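Here you go, one structure.
Just so it is clear, A, B, C, D, E and F label the chains in written order, and each chain counts residues from 1 on its own.
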Amino acid sequence: MSEPWEDDELEGPVRKFMYVNRKAPYGTIYALESLEVVLIAAAFEQDVTLAFLDDGVYQIVKGQDTEEIGVKNFSPIYRALEGYDVEKLFVEKESLESRGLTADDLVVPVEVISREQMADLMEEQEVILSF
Amino acid sequence: MSEPWEDDELEGPVRKFMYVNRKAPYGTIYALESLEVVLIAAAFEQDVTLAFLDDGVYQIVKGQDTEEIGVKNFSPIYRALEGYDVEKLFVEKESLESRGLTADDLVVPVEVISREQMADLMEEQEVILSF
Amino acid sequence: MKLSILVNEGPYQHQAADTAIQFTKAALEKGHEIMRVFFYHDGVNNGTRFGVPPQDDRNITEQWTALAKEHDLDLVVCIAAAQRRGILDENEAKRQGKDGDNIAEGFRISGLGQLIEAGIQSDRLVVFGD
Amino acid sequence: MKLSILVNEGPYQHQAADTAIQFTKAALEKGHEIMRVFFYHDGVNNGTRFGVPPQDDRNITEQWTALAKEHDLDLVVCIAAAQRRGILDENEAKRQGKDGDNIAEGFRISGLGQLIEAGIQSDRLVVFGD
Amino acid sequence: MAMLHTVNKSPFERRSLDSCLRHAVKGSAILLIEDGIYAAIDGTVVAEKIKSAVGDHKVYVLGPDLKARGMGDHKLVDGIETVDYAGFVDLVTEYDKVQSWL
Amino acid sequence: MAMLHTVNKSPFERRSLDSCLRHAVKGSAILLIEDGIYAAIDGTVVAEKIKSAVGDHKVYVLGPDLKARGMGDHKLVDGIETVDYAGFVDLVTEYDKVQSWL
C-alpha cells in the first residue's frame, strides 16, 4: 500500500500511537479508513496500539458478509495486521458484554481488558487518533 | 431565492408536507439546509408544517450570536417564515422541558404540543422530510 | 407505484448512498417507477466524476450513472448544496467563473423545487441520510 | 510548541473544519508552530476550489488558502481519501486519466505517511471530526 | 395503513430509536437498517427497547445489513421479521408514508 | 499533566460524553465544544452527568460555541470554566495529549 513518495525513514523517537475505534463498520467509513491508517503507520515502526470499545467492537465481529449491501468486506484485513507487526489489539470487556458478545465472536485474537484498564492504557499513550 | 428555471406552477394536489427538525444548529448543516428547503417550498403553496423536537428545539433558541465561530447566524430567518405563509410551527413540550427551555426562550411564536400530539400530527402528514 | 428518493450524504463516508442504490434497484425490479433521485446536503458529492475508489471496492457514482442510463432515471443534484460543496456542471462553471466542472454523466444540477415537486407528484418519498 | 491538526469532515456539512480554522488561527496568534494540517475522510473536501458558498456566509476553503499563504502552512489532503471522493491535483488527474482537477491553492495531495509523520514530529496532534 | 418508520443508527450510540419508539403510533411499522440493525439482536443491554415495541408495532430488520455486520446468525428478538431490499420496497408501498429517523 | 478530552456531540443525542466520562482518569480535563456545549447547561435532564464529573475533572466549555447557540446567558453547571479559542489552545499545550471523543 505504500507509495514511492512516502518516506518512511523518518527522524524522531518511537512514539506510542493509539488508534481508538468506537464506531460500527459499514454505516460510516471511519472503521475502514482507520484501518488504512494503521496499515500505513505500520511502516513507521512506532509503538502501535489498537483499541476497540463502544460500537468499535462490532468492527471485528466474525462472519461479516457484505455481498448484498454491495460494499467491500474489510474484516479479513484485521487478520493481516499481525504480519505488519501490529499485535496490540485491546477490546473493552464492558463493550463486548453489553452487546452480548465474547472474544469467541471476533475475527482476531485480542486482549480483553476492563474499562478501567482501557482508561489507564489511553493515559499511557503519546498520540491518540480517533476517527 | 427562487431561480428562473424553477417552475412553481406545478400540477398536482395540495399535499401535507412536514419538515422534521431534530438536530442542533451549527454542529452540522442540517438545520440551515432544512430551512432553505422550507423557504423554496413555500412558493409551491402546499400545506406546510414544521416540527421541532429532540435537539431540533435548539434551532430556534433566542440570542444566537455566531460571530466568534465565524459561521452565518440563520436564526433570524425563522422569524421571516410568517411572510412566506409558513405559520404552522410545532414544538414538542417534552423536548423543551428536558432541555430546561420554555416557549419564551424561542425566537418565533410556536405552538407547544405534547409528544402524543406530535405523534398524531406526524401521522396526519402525506410527505415527511427529515434531514 | 411512483417513488422518489432523497439522498442526504456523500458516497463512501456514509452508507446512505449505498442503501439508496440497492433500494432503487429493488424498486425498479419490482416494476415501480422512480420519478426522481434528489441529492441534497453532502449527497451532492455522489455526482462528481472525479472519484477513483480502490479497484476492489464499488464505484458509487458509476453505479448511479449506470442505473440512470438503463432506466432513464432523473438524477438531480441540488444547485445550492452543490455550490457550497464544489459540484459544477458546464453552465454552473461558467456562471460562477470557475475553470472547469466535475459533474458525472447522468446527473443534472437544478433547484430545490425539484425536490418539492417530487414530494408532490410521487406516491412515496424515501429519505436516506445520516 | 509544534502542533498538527487533523480534519475529518467536509466543509459546511459539519462544524469540524470551522473549529479547526479558529483553533489554528488562535494557535498561530499565540506564537505556536502549526507543522501540518492533514485532511482525511470527507475532510479532503475542504480542498476543492470549485465551491461557491452564499456570499453572506464564510468560504472555508478560501480561509484555509489565506491562512496557508500568510503563515506558510502545510495543508495536506490524503491521497487515498481524495481518490475516493474526487479531489484531484494536476498530477493525480493525469495518473487517473481524468479530464481536469479541482484542488484549491495552498493544498497539496500526499500519502497517509504525512499524518503519521505529523504525529511523530509534533508535540500535539489535535483531531477535529464528527 | 399507517406510517413506516426507518431507523439507521446504532441504539448504543444514538437516541434516534428511542425517539422513533416514542413517536410511532400503534399499528405503525418500524424497519431497522444500516447500523440500526444492532437493535434487533437479542441478549444485548438495549434489546428491551425493541421487545417493548414488538407488541404495538410490526418490527422488521434489513437482512443484508445484518449479514454485512456478521449478525446474520445471531438470535433476533422474538417477533422481528427479516426482509431484503425487495421487502423494504414492499413496506414502503404498503404503508402510506415513510419517516426516516435520521 | 494528564490528558485533555474533547467532546463535540450533544449529550441528548449521542453517548460520546458518557463514554468520555467513563474513560477519563481522575485529574484529566474535559472540554465541551460544538454541539457538546449543551452538556454544560444547568437545569437540563442531562446536567447530572457533568455535575458528577466536576469533582474529579477540570471541566471547560468553549464560549464561542455557547454564544453561537444562544446559550451564552444560560446558567452553567457550577464549576465549569468558559474558555475561548486561545484558551482551547492553552489547554492543548498544558495537557500532555488530546483525545477527541468523536
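A few points about this structure:
Here, contacts are C-beta pairs under 8 Å (C-beta built on N, C-alpha and C of every residue); 3 or more make two chains touch, one makes a residue touch a chain.
Since this is a predicted model, take the numbers as computed values, not measurements.
With steps allowed only between chains in touch, the distance from chain D over to chain E comes to 2. Under the contact definition, chain A and chain D share the contacting chains C, F.
Between the contact lists of chain B and chain D, the overlap consists of C, F.
Two chain pairs, D-F and B-F, are compared here, and B-F has more C-beta pairs in contact (counted per touch definition above). A centroid comparison over C-alpha atoms places B as the chain most distant from chain A. Distance between Cα centroids is largest for the pairing of chain D with E.
Interface note: chain E and chain F, two copies of one sequence, contact each other through mostly matching residue numbers (shared numbers exceed half of all numbers used). Separation between the centroids of chain C and chain F, computed from CA atoms only, is 38 Å. For this pair, chain E with chain F, the centres built from the Cα atoms lie 33 Å apart. If you average the CA atoms of chain A and of chain B, the two centres end up 40 Å from each other. Each chain gets one centre point, the mean of its Cα atoms, and the points for chain B and chain E are 26 Å apart.
Chain contacts: chain A has residues 26-30, 54, 68-69, 71, 127-128, 130-131 touching two or more partner chains. Multi-chain contact residues, meaning those touching two or more other chains, occur in chain D at positions 8, 12-13, 15, 19, 22, 41, 54, 80, 125, 127, 129-130.
Residues of chain F found to touch two or more other chains are 8, 12-13, 15-16, 34-35, 64, 84-85, 97-98, 100, 102. Shown are all chain pairs that touch, namely A-C, A-D, A-E, A-F, B-C, B-D, B-E, B-F, C-D, C-E, D-F, E-F. Of all residues in chain E, those touching chain C in their complex are 8, 33-35, 64, 84-86, 88-90, 92-93, 97-98, 100, 102.
Across the interface of their complex, chain F is touched by residues 1, 3, 8, 15-16, 19, 22-23, 25-27, 29-30, 32, 123-130 of chain D. For chain B in complex with chain E, the touching residues are 20, 22, 53-54, 115, 118-120, 122-123, 125-128, 130-131.
Put simply, chain C touches chain B in their complex at residues 6, 8, 40-41, 79-81, 110-117, 119-121, 125, 127, 129.
Against chain A, in their complex, chain C makes its touches with residues 12-15, 18-19, 21-22, 54, 56-58, 63, 130.
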